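Contents: one structure, followed by commentary.
Letters are used for the chains, namely A, B and C, taken in the order the chains are written, and counting of residues starts over at 1 for each.
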Amino acid sequence: MLFSIMRSEWFKLQKSKVSSIIMLGPALGFIMGYLNNEPLQAQQINGWFIMFMYNSLVYGLLFLPLMTGVLAGTICRYEHQAGGWKQLLSMPVTRNKVFIAKYLILILLVLLIQFLYFSAMFVAGILKGIPDPFPLEIALKSILGGWIATFPLLALQLWMSIMWKSFAAPFTVNVIFTLPSIMAVNSETFGPIYPWAQPFLMMHNFTDNMDTLFYVPAEQVLTIVGGSFLLFFIGGLIYFRRKELF
Amino acid sequence: MEFIVQTNNLTKRFGKHTAVSAINLKIRKGEVYGFLGPNGAGKSTTIRMLLGLMKPTYGSIRIFNEDLNKNRIKILKQVGSLVENPSYYPHLTAYENLEALRKILGAPKSRIEEVLAIVRLSDVANKKVKSFSLGMKQRLGIAAALLHSPKLLILDEPTNGLDPNGIIEMRNLIRRLPKEYDMTVLISSHILSEIDQIATSVGVISKGSLIFQGPIEEMRKKANPKIRITVNEPQLAYQSLLANGIQVDSQNQHLYLSEQTDNEVAKAVKCLIKNDFSVYRVEEEKQSLEDIFLQMTKEGNLQ
Amino acid sequence: MIGKLLQADFIKIKRKGFWLLSFLGAFGVVGLQIVNYSLRYDWLIQQSDDKWLYYLYNVHSFTAMALVLGIVILTSLIASVEDETNAWKQLIALPVSKMTVYLSKFTVLATLLFISSTLLAIFTFSYGLFLDLGEPVPYIEILKFSFYPYCASLPILAFHLWIATVSRNQGIPITFGVIGCIATYLAYVLPDWVIWKWPTLMNDWNDPLMNVWLGIGFGILLYFIGMFDFIRRDVK
């Protein structure tokens, strides 16, 4: 049953032109990668590292957290139109499964965006002629790290999007939490415990071997990500189960 | 005769699809004009054009004898409307909703209480509209349409969501408007019986074309009544009548006379009795307006 | 006519958080510096001889992004007030011109953002005093850093009002907002013609006033483009 709800969600999403939203991530990766004028060649460090680092400053810090709101808003759009919740929930489905199905679709979408983003950077780098070998392992670590870090953000945004009809309201919550992470990542005490900074920090994890400010122990990140995920996911689920008046 | 609303070959296309095709509406002063048609016929599209919400692809509209294209604002000062589902601001109370509209319309403040009373929402005036039932929202929409005491009221399926009591109230209200407030009313519906009792004129639209327009009596005339006779031996009686030169049809064990003058009916009955048939019933069968409407729209669809 | 529409619009934005957001935008920008200066006062205070100016630059580093995102949120919110039960059809069927309807929405938002900018000036000044950044207090600079970005962001306001009012799906203007926010963040690498760069007051001439005039000029231009498109379309 869960699978059939997910298929129906996916169908509705296609009607909402979600593919153009998905393509924004890779487009950003490509454009920034291609137009970046930093010397990517003939350095002591792998040129790809430099590209990853510069791009994730924008992608991990702003783009990914903000897009979680757009995606969550999009996945609830049909239900908010003309009694859609009523219609969906009067079918033989449980609220738990509807919530989980929507959530699973969201995290799968982000995973897809992550892969496309790195593929786009790869293409940009090849076109620019970066001579160094592509650090596949580090790219994968970064893809998955950034992906996992969006789990709590997606849960909160799904919650907020179910709560409010308008796109703007949940987006406001998202903005209020995302902007401070620009400052939080500069702070060694605050950065590691701030959930909205995690996509950026986890995508910088590949700098393990380079002595930078952004090194964060995995356990700590996982407590923060895991803890806030549980909080937002359970909160959202409880809210959805109790929600009346659709 | 003075026309309040007059359209000339009014046409609207959405891409290749023609939703309204060359309609010539004529609505006289003081009429309650029933605008009828099945779902998707083009009623709402026509109404949207009458209010200047949509631009016609072709054709023109005159309201109060003025060109809508040129004098839209002047015309709309005297038009109240409710298009499709009622629009409202859910986070505001009923009173605040009307107040926001009143500011724009420039009606006196006391008018808000008046219209709330007319639609019987005075008790819930200070409740947020979010919490209203469908029928209450619909009534608020009507209150909004009446706010500036318009001369022309345009209502698109106003009984949508009303309970039987609400429908009756609405009918009584609409019936009163032309006399008491000198209003002209255009009311759309896809059910004829709903406006049968209040409309003085009707326009029937089907697949975008106006297939009938005129006084409701004229539409009633289209209902050609038949005389139905029930007898004990229909088959034999049928042959006997034909043999006596009386034109008759036989259907479902009943006889139907083609001629309906008193004379013809008397002649037929006399003939049956003379031939020893037992005549159980002689009755007039009228086609209902609903049937005529269905028949008309069906014919319209064939065209 | 515009006066009546404005009154109506100010009734409609009640209880929707417009006022709160206008306050939060200004407060948030200064609030981030409150956190910043509380955490590392000693270090920050030694970074420059002109402590006021250094502080103003710190505040300013978030102003542009807050403005851009504030515009995105407020425009989308004001459109959704009419979108929610498709009240556009009720509004446009009133004896008002579509031009005035559009102007009224623009004026409401421009007013809210102006209030927000004024609050920004007040908060910036107050916290600056609290930090005891010395004399003289650069009043003119405080006003410049608060109102120049406002003027420079008018084209973004015009652009977003346009797409928010004509989109059936508010996801579209919000997505544009994310892109715009990123453009503002990356302003230092972008060419001067990108309107999202303007609120940062950066340009090749190093003349912030340039952005103000460009903002007002292009703001008017984009306003008219949006308005004519809004008028041209059938009502949603």
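For the reader, a short list of remarks on this structure follows.
Just so we're on the same page, a residue touches a chain if its C-beta (ideal position, glycine included) is under 8 Å from a C-beta of that chain, and two chains touch if they have at least 3 such contacts.
Just so it is clear, the model here is predicted, and its values are computed rather than measured.
Common neighbours of subunit A and subunit B, listed by label, are C. Of all the chains, the one whose CA centre sits at the greatest distance from that of subunit B is A. The geometric centre of subunit A is 54 Å away from that of subunit B, both derived from CA atoms. The distance from the centre of subunit B to the centre of subunit C, each centre being the mean of the chain's C-alpha atoms, comes to 50 Å.
Here the CA centre of subunit A is 26 Å from the CA centre of subunit C. Subunit C has residues 84 in contact with two or more other chains. Residues 48, 51-55, 72-77, 79, 81, 83-92, 96, 99-101, 103-106, 144 of subunit B touch subunit C in their complex.
For subunit A in complex with subunit C, the touching residues are 16-17, 21, 24, 28, 35, 37, 58, 62-63, 66-67, 69-70, 73-74, 77, 165-169, 171-172, 175-176, 179-180, 182-183, 187, 190. Remark: subunit C residues 17, 21, 24, 28, 32, 35-36, 39, 62, 65-66, 69, 72-74, 76-77, 80, 84, 169-171, 174-175, 177-179, 181-182, 185-186, 189 touch subunit A in the complex.
The part of subunit C that touches subunit B in the complex is made up of residues 4-5, 7-8, 11-12, 14-16, 81, 84-97, 234-235.
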